[in-house]
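I'd like to ask you about the structure that follows.
Chain nomenclature is as follows: A, B, C and D, assigned in order of appearance, with residue numbering initiated at 1 for each chain independently.
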Amino acid sequence: MNETIIMQFPSSYQWLNMIDLICGEVTSEMGFSHSALNEISISVIEACTNALEHGNKSVEGTLVSVIFHRKQDQMVVEVFDSGEGFDYEDYLQHIPDPSDIHHQRGRGIYIMKAMMDSLIFEKLPDRGMKVTLIKNVDDVE
Amino acid sequence: MNETIIMQFPSSYQWLNMIDLICGEVTSEMGFSHSALNEISISVIEACTNALEHGNKSVEGTLVSVIFHRKQDQMVVEVFDSGEGFDYEDYLQHIPDPSDIHHQRGRGIYIMKAMMDSLIFEKLPDRGMKVTLIKNVDDVE
Amino acid sequence: MKLRSRESEKTVILDITGKLMGGADADEFRDIVHKLIEDGKKNIIVNLSGVRWMNSTGMGILITGYTTLRRNKGDLKLLNVSNKIQSILYVTKLNLIFECFDDEEKAVASYR
Amino acid sequence: MKLRSRESEKTVILDITGKLMGGADADEFRDIVHKLIEDGKKNIIVNLSGVRWMNSTGMGILITGYTTLRRNKGDLKLLNVSNKIQSILYVTKLNLIFECFDDEEKAVASYR
């Protein structure tokens, strides 16, 4: 079954609520349980927050793209921005402790890693980042 | 302000609820009143129903695309399918009476025309239809 | 579409939740209406409190139920119609066809 | 984010509705916390019943409020945390930092 859903929106926080609604609808239509649904939605929101904020630097005219698809036993969500990317290999070695209250920021990637079964960062050939979030089907009810 | 939202989904009824949610979110973020919001959502759902059902004939692998944007004083929604189109010029001359209970179907275009300020059908150069739904800003609160 | 059927006095209340928009829903609803008529149950109330929105195809499903019941000396009335569904009823003038209620007791009483 | 402030006994309850996710929200929330501290009001309850979800940036806004208040011998406790927000608290272990309540009376009583 072809179950690809594609979404594109301007780099502004105001559209994150729409992303939350879409995640809820897509994941429940694809048969995920309620708790997996929450984790997917929270993680996709984190990825989109990073895409619009760090990637696109909230620049007018830039877009964030999100592709949802079900791949056999997995729910795969890809989030694209058009920014300059960052040194994720280094960052992933030094993810800060999320319970350290002396930092206001720096919990997004930790949360995504903890909630997803797989989190893949890629620099796109030309410009931009692609973040792939994968949730396995054993969380499906 | 760049406020273009793009959405693409497979030709299946199951995604219409998502379209309803997106319409609600996009139109309220773009500042439309609650009643305009309802009319836009109902009409976009009708256009998407036609796109997936009559246009794409619910064929697996086909997609419906929806583009929302605010154009000065107007909310513009474009709905695309990849079907063969139909003789809309003729149809628009003979829209059936929607209160005639002897017909189960045939109310979608009537409803869109009644609720939108402008409804434009176009056959795409290669294949497919584009339906443009426009709501004027004087309905904005 | 999810459909639950219950009876109150001489009427059958169909509680619909979820989507009513074509595809399998049309067949399912028609079959239920035919079954009810066979059983001599022709006073129907469709409770739409669990239906946030509907498309014109869903409306067509209700219309076919209505005409089938009327032909068999029954009726189909609507209960708890959302704003969006009400807008569709008004713009198509089908509000002149369907009796609508916000109160289940009053809907049931209307069949007495 | 929409924010309403009200008082109960010696505590201030901040009712937040809508989005808490960065941008202007961070400045607004920080300003309110500073104002409350200036006024000597340091027992804060943030009521999140009107917030369906939050991102880690929103969580960071609450953390900064918490640390600011603690430094000033106050506290910031959470009321009516949604499932999604609870998941974030658990996965980050911030549930060990924030006291959470489902019942406003109990939250207020905890400051007595």
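Miscellaneous remarks
Note that in this section a contact is a pair of C-beta atoms (placed from the backbone, for glycine too) under 8 Å apart; a residue touches a chain by one contact, two chains touch by 3 or more.
Just so it is clear, the model here is predicted, and its values are computed rather than measured.
The chains in contact with chain A as well as with chain C are B. Using the average of C-alpha coordinates as each chain's centre, C ends up farthest from chain A. Each chain gets a centre from the mean of its Cα atoms; for chain B and chain D, those two points are 42 Å apart.
Averaged C-alpha coordinates put the centre of chain B at 26 Å from the centre of chain C.
With each centre defined as the average position of its C-alpha atoms, the distance from chain C to chain D rounds to 46 Å. In this assembly, the C-alpha centroid of chain A lies 29 Å from the C-alpha centroid of chain B. Residue positions 14, 17 of chain B are each in touch with at least two other chains. Of all residues in chain C, none touches two or more other chains. Touching chain pairs in this entry, ordered by label, are A-B, A-D, B-C. Remark: chain B residues 13-14, 16-17, 20, 35, 38-39, 41-42, 45-46, 49, 53, 98-99, 101-105, 107-108, 110-111, 114-115 touch chain C in the complex.
Residues of chain B that touch chain A in their complex: 1-10, 14-15, 17-18, 21-22, 25-26, 29, 60-61, 63. By the touch rule above, chain D contacts chain A in their complex via residues 19, 21-23, 26, 52-53, 55-57, 59-61, 63-64, 66-67, 83-84, 87-88, 91-94, 96-97.
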